[in-house]
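Submitted below is the structure of interest, expressed as structure tokens.
Lettered A, B, C and D in written order, each chain numbered from 1.
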Amino acid sequence: MKRPVAESGGVPLTFEMQRRVEFADTDLAGVVHFTRFFQYMEEAEHAFLRSRGLSVVMRWHGQQLGWPRVAAECEYFRPAFFEDVLTLRLTLTKVGRKSLTYTTEFYRGEELLARGQITTCCCIMLPDGRMSPIELPEELRQRLLAP
Amino acid sequence: MKRPVAESGGVPLTFEMQRRVEFADTDLAGVVHFTRFFQYMEEAEHAFLRSRGLSVVMRWHGQQLGWPRVAAECEYFRPAFFEDVLTLRLTLTKVGRKSLTYTTEFYRGEELLARGQITTCCCIMLPDGRMSPIELPEELRQRLLAP
Amino acid sequence: MKRPVAESGGVPLTFEMQRRVEFADTDLAGVVHFTRFFQYMEEAEHAFLRSRGLSVVMRWHGQQLGWPRVAAECEYFRPAFFEDVLTLRLTLTKVGRKSLTYTTEFYRGEELLARGQITTCCCIMLPDGRMSPIELPEELRQRLLAP
Amino acid sequence: MKRPVAESGGVPLTFEMQRRVEFADTDLAGVVHFTRFFQYMEEAEHAFLRSRGLSVVMRWHGQQLGWPRVAAECEYFRPAFFEDVLTLRLTLTKVGRKSLTYTTEFYRGEELLARGQITTCCCIMLPDGRMSPIELPEELRQRLLAP
């Protein structure tokens, strides 16, 4: 996975939130289903955007922006259980010309349970439903990286 | 991602199934939510195991086997839409001493929409809920690789 | 729950499909999570519409139709388990002026596991995202009730 | 639906929590998928139990208790949207000999979006995976109804 490079005044951009494991997140093996870690990552990404005054559903110059995923991955070290309160530590690891990469670590207390990554591309939604990649709008970039 | 190495009489082991996109798989962007591709991969993995007379929920020498995920990843090339009938082409790309790696390609007709990979570890479920990795039982290995 | 009244030449309209329980449908109690029965009902409803040459995502006189849910309910008699192949027997129990009611029974072999009902309202989607109820278009009604 | 009858010193037992709508809760109609309201109800139920020092996963006299659902229903009045912060107002509407009924109202500000109900039965989990209904343990009843 990529090392942190996104910086805001020299400090890598991180964001932390808590997420309690809900019953519907578990499977018959008694642990959190592996797909849920991807949903948790998305929740952290969207909470990070809100913390910067942004939303994943936003308009720009009268056009709807979208953030389709280019790639997603997760490594699993230890299982998570029902009612665990997880700490999700998100780092904006890469700010590309048209894409953003987020790395998220999942902790239960000091224990690292999993580490995942999502790369997402800035697009405008065309009227016919297709999406077309664009360069990150400057205002968006500034809000993302503001100290 | 890994290249196919699992072979059964010289032929890489592949398995194909159809999966229709359901309404609950979509999100407000009008496409299949990116987490669902991981669920689809798991459905293909389990269907593959059934096609070999196996189940992901199985006992071995009186003990419950489990298959926790070690890693999962997916690359997304094109969106999938409601009611698309996707072809999932699964290949058993690696048979390790204790782990299996599956690569799955998602097609709509001839169009490759996404490619993902899951690595899963053979474990026995301990009475206290923990899991302990074991070498793939020989009978299991034979069933997986039978021509 | 309502008794069947929708008829097509005197015969209540029914539709049957099989649905295998997937791993992601289960929870830590080892059974299908109760919310999934509602998703299964929706899958049966949409398969029924397809069997009639319709789709829940359809246009009518250039406008997008939508089917928001007015009410949903389910009674649970017995649990369903991983890899069970369930038979979903859907009946169109009521065709109202603006709404449709579907009742679905879930069987494992001869065993009735659950019975649920969804009432859904025919709407046009307004440009601002709201939905406005309309009378069932006559062509739609005919396709639904065709013998 | 049932009127509130559960009382604790004459006051119906209610519990309130906030729940933000996540992206994965939405569908292609741009609203929260109707099945998610059932998941939200379960989250409120489990948060209520925690507020009473209980958990839906608990042991009693060395046996595992379970709470299979007997019935669930929901009426939908208005759609909920991405990033809405919903208020879930849960009332313990009925305490039966072996069952509990919870009614949950969903508000966005003052607006009532939906009202649902879950009836759940107190069971012990048998070694073979089946569940057997039991009378609510007295200690549990007291904790639930404590002022």
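FYI, a contact is a pair of C-beta atoms (placed from the backbone, for glycine too) under 8 Å apart; a residue touches a chain by one contact, two chains touch by 3 or more.
All values reported here derive from a predicted model rather than from experimental measurement.
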| item | value |
| --- | --- |
| Same-residue or different-residue interface between subunit C and subunit D, half as cut-off | same |
| Chain located farthest away, centre of subunit A as origin (C-alpha) | C |
| Selected pair, greater C-beta contact count between A-C and A-B | A-B |
| Separation of subunit A from subunit C, taking each centre as the mean of its C-alpha atoms, in whole Å | 34 |
| Distance between chain centroids, defined by C-alpha means - subunit A, subunit B (Å) | 24 |
| Residue list for subunit B, restricted to those that touch at least two other chains | 23-24, 28, 30-31, 35, 39, 42, 57, 82 |
| Parts of subunit C lying in touch with subunit A, wherever the complex brings them together | 23-24, 26-28, 30-31, 33, 35, 82 |
| List of subunit D residues in touch with subunit C within their complex | 28-31, 34-35, 38-39, 42, 57, 66, 68-76, 79, 125, 129, 131 |
| Of subunit A, residues touching subunit D in the complex | 22-24, 39, 42-43, 46, 50, 55-57, 82-83 |
